[in-house]
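Once you scroll down, you'll see the structures, which are given as structure tokens.
After this come two complexes, each holding chain A, first together with chain B and then together with chain C.
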Partner chain A sequence: MMTPVYILSASAISPQNTFDGDGIYETLITSDNLKLFVKEPDYRSYINPVAIRRMSRLIKRGISCGMKALSDAGIKTPDAIITGTGLGSMTDTERFLKDMIALREEALNPTFFIQSTYNSVNGWISLQTQSTGYNQTYVNRGLSTEMSLLDAQLFLQETSEAATVLVGTFDEMTDDYFVVKNKIDYWKKESIPSNEILKHNDTPGTIGGEGAAFFVLANRATKAIAILKGIKMLQQPTSEIIAQEAIQLLQEHGVTWDEIDVVIMGNSGDSRFESLYSNALDCLSANTSLLAFKHLTGEYPTATSFAIWLSIQLFNNQRIPKNTLLQQGTATHYRNILILNHYPLNTASVLLLQEPA
Partner chain B sequence: MRDNIVITSAGIVSALGIGYKSNAEALKNGLSGLRQPQFLNTLHQDLLIGEVCLSNEDLADKLSISSTTVSYTRTGLLAMLAIEELLASLDIAALRKEKLAFINANTVGGMCSVEDMYLHFIADETQGDFVRYIDTLDCAASTKDVTTHFGLNPFTATISTACSSASNALIVGARMITQGLVDKAICGGCDALSRFTVNGFLSLKNVDREACKPFDEHRNGLNLGEGAAFLMLEKEADAIKRGTTILARFSGYNNTNDAYHPTAPSPDGAGALRAMTGALKKANLTTEAIGYINAHGTATINNDAAEGRAIEKLFGANVPFSSTKPFTGHTLAAAGAVEAIFSIMALNGNCIFPNLNYSTPMQELNIAPVTSLMTHQNIQHVLSNSFGFGGNNVSLIFSKA
Partner chain C sequence: MEDLKQALKQQIIESLNLQGMKPEDIDDNAPLFGEGLGLDSIDSLELMVLLERNYGIKIEDAREGRKVLSSVQSMAEYIQEHKKA
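On to the complex of A and B.
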């Protein structure tokens, strides 16, 4: 069992107004083409103006999201930077690959190659913050967020001194990526508005999405906005396994099912995965409110990080965004939040977060 | 010490051959594995590369896999062959019941297959051989290949920090064992040559079309290679209890970031110096204790200048060093584990492998690499460097058990 770690700040760039603008309490941004792309903020205040001109959207998005999390936590140089991504910069990978084929392996632009490297966002943030400490990047499919957080816990536990880690996740969808994954049934075949996707859970597939989220984690409680109690990463999950792991996670941290105020679920309207959560949900009492988020973000490998960001909104504001609510519970104060998420490549995760005392 | 992490098994596939023994023999005999491409379908047929000498069909045959029914890429096949060697001395049934982690590392996933099919991927067609390769592009595809093929169900993670990836996998495995999350960890990395990677490095203009010359004044870039290498990590006390052979102690490591440039190291070697100093501190060793340095030594202008300066600053001319890249080419995500195994070979064989193709000292250095095999050395500790894009620098230290 891991020691809990403290979250000092959180930032998210998503298809909703999560980065700047009015947040997710008022406006709901939708699409009707089975794709949700992020709302690109103005990145110029976060990135070196000379460097920014050659950067692709994911690189800009990752760096900016990371710099904002650091600035919100009042930290200039974190002791470690750990990132997780399922796909890295698809735009750069596709561009270099297509150029290589079209130009017959001649006269290629190295920028796309460099930016397609999965740890390039991490490298840029290290450079901008002059962070020379531990530096790690996971490309771990649907568990990239979880592994990054677990590694941050390992790092923070190893040191007795006060330390901070910037943990970040990012993924992007491209038109090509949508076409490719459509061939193996990632997406719905029928056109459904994004805000209604959860209701259409009788057919396979969901909507494609993307996003970035960054968190500053620490091994001291000072100025914490949330506590990450524990993480379970599951391969080949079934409803029984998810429930078992959730039960064990709660036991490890001395939390009962009655004390769970909110469950944030990764159900996505895909008939193949709808039953994954049922056994765990059977454990809940009337106390718990049930929330979903993939109709706001679409499906992507690091979507769990959006659910963590959403949890922090609940702790901060003690109010549930109406667009996320599936079922209202009786709890009026939100202290313990359980996140249950899955990804189409046969993985799932369970996370327990708590409001700081 | 109770919490010492040791290495109890290893598996390796490189241009030098399949398996620990054939790699060690080639290193001792000074036989480079570089050659012109025989399997890589590139237009740059004149390039020297460190290609593994088996076709995909032969790799699949060796693993008793029917290559027509499954979607294993060359990356996955190389990884499986290295893991097969690592597992040969172990009781797999017992391993399945243990708390095991598999920490893999990779840079471009199954790009070696995907790049030949990509136009089909994005065209309108929905049927064809390409469909079963659609989920193979990401780095974790080979991780899944290994666990599926050997029927293992470990905790898995996949790292991608460019050329230092496998070294990082060893660090993460060691920390997971130390902190009690798992009892054993199989750590390493794999990469197959792809046109994507070859052309990427060509576009950066740091590829030597001839055999690379690490630490030479006239060095002109790197040769790319492919391979897979994995090491079994566990606590020394557990290994002793099992009565198994201990290949080496994994006594120190450090991961730091250069924070200097997206692809180039800090010219004064500050990043490399920090990585090596941190690993020595972790191992509680002084510079005098190190008997051999297996350098990153890619033979690019920038790396060798920075790394050479850092080695000279820290060790002076007192510690023999060499780069084994002219033997294997730069195997990228596998390099850290390939060279960890070479370091263990040096440790146990009391020998230092030569830095091939060196003739002219670098102007900015007062130190020179070892150029012919040195035997009967008393080596107690070996330091191995891996430095990657994004400023990701890692140094590892292996010690006699």
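On to the complex of A and C.
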């Protein structure tokens, strides 16, 4: 069983105003072309101006998001940096591969190659923070977020002294990536506005998305804004298996279904996955509010991290953003949140978060 | 030679994405690394690629490369001497 870890801060760069705007309570940003790209903030406040010139947007996004999470937690140098990404920097990878073909594998720019590696963001953050401790990047497609959180939890569990870990995720969508995934039916064939995607759940596919989210985790409760109680990772999930794992997760942490105040679901309007959560939802009481988020972010491998960020907003504000609400429950205080998410075509996860006492 | 140096400065700015900088901001003899423009080791690799792509010049010897890439003037002289017809 996973030992609970404490979340000290959270930051997210997403297609919504999550980084430096008004949050997601007021404005809903939509798209009509099946793609939700992030709202890029001004990165110059977070990155060395000499270094920023050669960075692609994903690298800038990851570093800025990570530096903001550290700043919000009042941490200058974390003891470890652990990230997860499904794709890494697609822009740099595509540039490098296209140059390889065009230039017949000669005179290739080193920058694109260096930044196409998955751990570039970690490297830059460790340079900026002078963090020479444990540094790891997980590339496990739809479970990259969960793997990085699990590793952070193990790191914190094994450290007897007070320690902090910067955990983050980042993924980007490019036009070429969208075209490739379209060929294997990731996206809707018909044009649907992003804010209506959940209603169009009778056809396969969803909308593409991207984002980054970073958290500072600690093994001490001081100044915690949330507690990550446990994670379950699933391969080839079915509705029955997701429900079983959720039941087990709650039992392990002594939480009953009645005590779940909010469920945040990763349903995305894709008919192939609409029933994935039905068995788990059958266990819920009238207490629980149901929320969705993929109409705000689109689908991407590390979308679970957005759901975690959203959970922390609920703990902090004790208010549900109206644009996320599917069904209002009777609970008026949000203490226990269950996240049910999946990534096409074969992974899912269940996470339990709790408001600190 | 002057045209070559002007073109080279423009190519350096574009290739290294030196935002807000114009060719006239780069002195012909100012060191490109350390002081001067403050470029780093990755930039030196980018400049090697620039010479190969734009002028067909490949520098194999690192010591020679260090000398060639010391300033715009030294780069231009080397290009003039070695540029393939």
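FYI, the second predicted complex is superposed on the first by the 357 of 357 C-alpha atoms of A that agree within 3 Å, B and C clash if a C-alpha of one lies under 4 Å from a C-alpha of the other, contacts with A are read in each partner's own complex, and residues count from 1 in each chain.
Quick note on the criterion: a contact is a pair of C-beta atoms (placed from the backbone, for glycine too) under 8 Å apart; a residue touches a chain by one contact, two chains touch by 3 or more.
Nothing here was measured: the structure is a model prediction, and the numbers come from that model.
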{"item": "Superposed partners chain B and chain C on chain A - clash or fit", "value": "fit"}
{"item": "Contacts of A:Ala162 with chain B and chain C, given as first, second, both or neither", "value": "neither"}
{"item": "Which superposed partner A:Ala221 touches (first chain B, second chain C, both, neither)", "value": "neither"}
{"item": "Contacts of A:Arg53 with chain B and chain C, given as first, second, both or neither", "value": "second"}
{"item": "Vertex chain A, arms to chain B and chain C (CA centres, degrees, nearest 10)", "value": "60"}
{"item": "Touching partner for A:Ser126 - first (chain B), second (chain C), both, neither", "value": "first"}
{"item": "Partner chain(s) touched by A:Leu108 [first = chain B, second = chain C, both, neither]", "value": "both"}
{"item": "Contacts of A:Leu326 with chain B and chain C, given as first, second, both or neither", "value": "neither"}
{"item": "Chain A residues touched - chain C or chain B, whichever exceeds", "value": "B"}
{"item": "Nearest Cα pair across chain B and chain C, whole Å", "value": "6"}
{"item": "Contact residues common to both interfaces of chain A (with chain B and with chain C)", "value": "108-110, 114"}
{"item": "List of chain C residues in touch with chain A within their complex", "value": "16-19, 38, 42, 45-46, 49, 52-53"}
{"item": "Contacting residues of chain A [partner chain B, same complex]", "value": "2, 81, 86-88, 96-98, 100-101, 104-105, 108-110, 113-114, 116-120, 122-124, 126-127, 129-141, 143, 147, 151, 154, 157-158, 176, 179-181, 183-184, 233, 235, 345"}
{"item": "Of all residues in chain A, those that touch chain C in their complex", "value": "50, 53-54, 103, 106-111, 114"}
{"item": "Interface residues, chain B side, partner chain A - complex", "value": "42-44, 106-107, 109, 111, 115, 118-119, 121-122, 126, 131, 134-135, 138-140, 153, 155-162, 168, 172, 175-176, 179, 181, 195-196, 199-200, 202-205, 255-263, 271, 274, 388-392"}
